[in-house]
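Quick heads-up: structures coming right below.
The same chain A turns up in both complexes below, where it pairs with chain B and then with chain C.
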Partner chain A sequence: MSNDNILEVINLKKYFKVSKGTIKAVDDISFTVKYGETFGLVGESGSGKSTTGHVIVGLYAPTSGRILFEGADISAGVERRPLSLKKKIQMVFQDPATSLNPKRTIKQIIELPLKVHDICHGDTSQKVAELLQMVELPVEYMDRYPTELGGGEKQMVAIARALAVNPSFIILDEPTSALDVSIQAKIINMLMRFQKEFNLSYLFITHNLSLMRNVASRVAIMYLGKIVELASTEEFFYNPLHPYTKMLLSSIPVITDEEEAMKPKKIISTGEIPGALNVPPGCSFHPRCPERLEICDKVEPFMLEISSGHLVKCHLYDFTKA
Partner chain B sequence: MLEKLKELGVLSPRKAEDYKKAWYKFSRNPLSIAGLAIVILVVALAILAPYVTPYPHHAGFFVDYDNANQPPSLAHPFGTDQFGRDVLTRIIFGFRYSLMMAATVLAIVTPPGVILGLIAGYYRDRWPDIVIMRVADIFVAVPPLVLALAICSVLEPNIFNAMMAVSLMWWPWYTRLVYGMASSLRMEPFVQAAEIVGASKFHIMFKEILPNCLGAILTKVTLDAAWVIILGSALSFVGLGAQPPTPDLGTMLSDGAKYMPGIWWITVFPAIAIAVIVLGFNLLGDGIRDVFAAEAH
Partner chain C sequence: MNNTLLNVKELQVHFKVYGGILKVLNDVTLTVNEKEKVGLIGESGCGKTTTMKAIIRILPWNAIVPKAKIYFKGKDVMKMNDSELKKLRRSSISMIFQDPTAALNPVFKIRDQIFDVVKYANLEMGKNLSKKEIEEEAIRLLREAALPEPERILDSYPFQLSGGMRQRVCIAMALASARELLIADEPGTSLDVTIEDQILRLLKQIVEERRTSIILISHALGAVKGFVDRVYVMYAGCIVESARTFDLFHEPLHPYTKGLLAAVPKLTGGGIPEGIKGRVPDYMNPPLGCRFITRCVHAMPICERKQPRMVNAGNNHEVACFLYGE
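Right after this comes the complex of A and B.
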């Protein structure tokens, strides 16, 4: 059954101990990513979406829970992972200005994965040139330093670096949010093209909901380290269930009345995401929830499957208790 | 000169461009240029000492009581000392010892200091960090001059022991400098990207992190050269560094002090010489810092 899943995340937790207590950055989340799909992980800043990506790629070892990649457990941190696994999972970071070493040339940056994984022997120039052409950058950029390139160009170098090892799974951690709008579309189109061309699976982490509508096949929304709703993109946008999802969708700015009509009725966003150190009891969204029930600040809701593949974590839909 | 090197193919056009930019940033501050000029002049004088000094044979053991304690004149611009030796000649030879001491100490100290700092910074909060940094703290707690005094008074007082003593105390400063930078750089996404792809720890420490620390290290080396020269002179001054008749600036100061203030030139000119070298290295260090600070933005 699980063989159409490239990645399975099961009850994943990542806690950070700090002097003032424990930050539950990722608190018991489960989801799967199917072969060849783009899975969107959406959330406000501080919701734990980037931490989730970092744990999957192995930068942090999980506190508990399991991560299965192609059926094999990969829960160990980056140091314990075999080289062959590092070849399959790659990551594109949010800010290309910091994800490329300013002291290394574009060629040195792109050839590192080639050398580590012994992909081409001897002179790597040919392969680096191919990769640069693939991301539509001039081959002359090889001897340049990242600081001499524009933001979008740098992100393309980062993408070329990720693709150099022929990965099967790429974590895109807000790959466009640091870029100009004009370049965002270009990067997204390129990523979508490579996905088809190389049969890649993406975990797309973003705070940009409207972007998800165009690129993701399924979307999960995170709030304070927990997934509160998970559905196919269509379900997610046409039949949002969780009050938080509704709040977010209603706050997407739109231009036409037509679009306005498609949105859930206007819900005024209230409050801000609380600090991760003092997560509210019960449902962590209850202080901001316009539809809260009495039970909400006492009991944490379970994940409920409302319809096939549409999961929501909210007391409003728990009819067994009503 | 850059153009020539470029034509010869020694320098890639891109590198030449980088150096040009760095030189532009450096040369915008006239004080940096002054510092560079002083350092180049002092180094050149030290290297060419036997050829540029008027009385090269006065450098070592030489006595000419007939000409002792002569005030500055055309024949002896800085006068002569109590043994009739030309002070200018001895100052220029003294540069050799000062620079040699600075170069030796820094050459001994920088590589291990930097490597330990890289390791401790990369393994922040794990045992290599704790072991290395606590040992460094212990060494930092002892003032270099005090330890150098102790070592040189227990062992034979000579310039070699003085250099070893100073080196022993100096490495933790490089470890601390690099530790601070490495422990923050290791969290940078470009280091994480290298880890994700499976690069070795050696690669990450020396190829990803170290190049980003070089500017700060070079600045510190230049500024420290001045400190080591002061320290070396201080040791010689109290008689625990270079021994007579070595023409060391500190030794000359202490020898001449007895004759102050009447025969002032034996003391004042070496003192000015020390001040000038120290000033030169400090100005140069500040200039180098400007270049790398501008690069970081």
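Right after this comes the complex of A and C.
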């Protein structure tokens, strides 16, 4: 077994049954996260990136596939997970306004995981104060309610709550997309510092590629429940292969000339993202793809390793068939 | 060419809330020329939308306007009566809102919603269209907003359309009445990146073809950069800087603009720079002098006492900061 992987996701599927059919939110994806790295999961809304995070943290049991955490199979779902395992995997959600209970004080919010995991007995004030100081919030905030705090400060509280139990793996689900850029910078820097300090591994979920460029060491891009390209961050941004990746990169609004020069020129965004209920046959990107081949609407492409660690799911690179 | 279309001077808007008065807009001054594309950038809660609502006089009931001079084509908007305002909104200025889902009525078909807009916009210009003409015009507008199968769209309810399509419907409706000025309030923010890109390119193409002026509001700096001729930067209810787009992005002057531009993560990498320290001031008790003082690295004694006025730093680049004279 490869021991430098903290998390291995193998052929993970998560389907939801609805009245009109089955939504394949996550459809056969595989990736690994190494110890101490930030693995980025990018995609537009409805691509299944958050569902992936929810399955890993145990909010849903997977439909099929395996999740290995530190070598042990944890695909059983949260009710069968031991407390010690739940402690190791924590999550920070997108919108701090809804992930913090408005009827509880900051102290009550942060001390709950401490009590659940039996880390602190009796008076938790000191430990809560330490955690607040760690995320650079004033200790007086302890007795305040979430509504009295700014958006960025609320997210700091959510991060403090996740760190309270000394986890080794944190899923960050769009931690800054509800916040302004000037506050985003502060939170991301803090997260990067904690990663070094506590030797954390992150699964970083976002739709913001510019942000991903600066935080992740490897990036996977999802489209309608499938990973279409996976590469190291450098490879991904300087040598994007999948037409969807290129379309996404060329759509990003940027502010400097150097960035403008980096964007792939040829591909212009067209078409709509189909609904999850009627995923197109073959390659699900083919209705929007400017480089579509004849085969694309019939056969689903395989994941191909183009160079070491650079995987792409596209017929354009399947030279065995050409 | 440089005919002023919209002229806003010293606009103040306060809101009466439980516990006091929020002094939100503080002497906002801006102009929009004919056929000009103007951007308004700033972070959430800085008063971008409030400014626009004040211009077309659709502020909520608890808003107080202590001071305002708003001229549209030389006419004083603040002195307009109801029928004049109706005419203004039906035939001259129109607004596209951030969230198309909230902007469309969920219980009416697109047909009913767009027909009303088309009918009254034309009525205001003395054209009483028949039902058939209204339908033709509506279909033409939907096509202009790059919607495929406009006939099918007309018979759909908003929930049957995707977010991008809903925003296109809103654009089509705005086009019916925006003959001179289109206000686009974060038109792509609630959409996906690839869809946002499509919407912005469409809007740009439409305003250039129709020779309409546009005010594009956004907190996404990149989106504004590729679109507009001139940019205003807003912070905590004040315009702090205005310049031509190129100048603003290449040589920002105000410490806030500099901080904001530096805080955006770059596609070229290089790590995440430090953000701007501190938080936006409380509108209940805003600082007496410069409203950015609590977060500014260059704060001087004068900044505490006096509000900086816009000064020209050359090349039509204006900035409200004591670092640049006065």
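The definition used in the following text is that the second predicted complex is superposed on the first by the 318 of 322 C-alpha atoms of A that agree within 3 Å, B and C clash if a C-alpha of one lies under 4 Å from a C-alpha of the other, contacts with A are read in each partner's own complex, and residues count from 1 in each chain.
Going forward, contacts are C-beta pairs under 8 Å (C-beta built on N, C-alpha and C of every residue); 3 or more make two chains touch, one makes a residue touch a chain.
Computed from a prediction, not measured in an experiment: that's the story for all the values here.
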item: Three-chain arrangement built on chain A, chain B and chain C clash or fit; value: fit
item: Chain B versus chain C as contact partner of A:Ser125, first or second or both or neither; value: neither
item: First, second, both or neither for A:His207, with chain B first and chain C second; value: second
item: Touching partner for A:Ser64 - first (chain B), second (chain C), both, neither; value: neither
item: Touching partner for A:Gln133 - first (chain B), second (chain C), both, neither; value: neither
item: Partner chain in contact with A:Met247 - chain B first, chain C second, else both or neither; value: second
item: Partner chain(s) touched by A:Leu100 [first = chain B, second = chain C, both, neither]; value: first
item: Chain B versus chain C as contact partner of A:Arg161, first or second or both or neither; value: first
item: Dominant toucher of chain A (residue count), chain B or chain C; value: C
item: Nearest-approach distance, in Å, of chain C Cα atoms to those of chain B in the combined model; value: 9
item: Chain C-contacting residues of chain A that also contact chain B; value: none
item: Residue numbers on chain C that touch chain A, as the complex places them; value: 43-44, 162, 164-165, 192-198, 200-201, 219-226, 249, 259-261, 263-277, 279-280
item: In the complex with chain A, residue positions of chain B that touch it; value: 12, 14, 188-200, 203, 207-208, 211-212, 214
item: Footprint of chain B on chain A - complex, ascending; value: 57-59, 78, 83, 86-87, 89-91, 93-95, 98-104, 112-113, 116-117, 143-144, 158, 161, 165
item: Residue numbers on chain A that touch chain C, as the complex places them; value: 44-45, 150, 152-153, 180-186, 188-189, 192, 207-211, 213-215, 233, 237, 247-256, 258-259, 262-263, 268-270, 272-273, 275
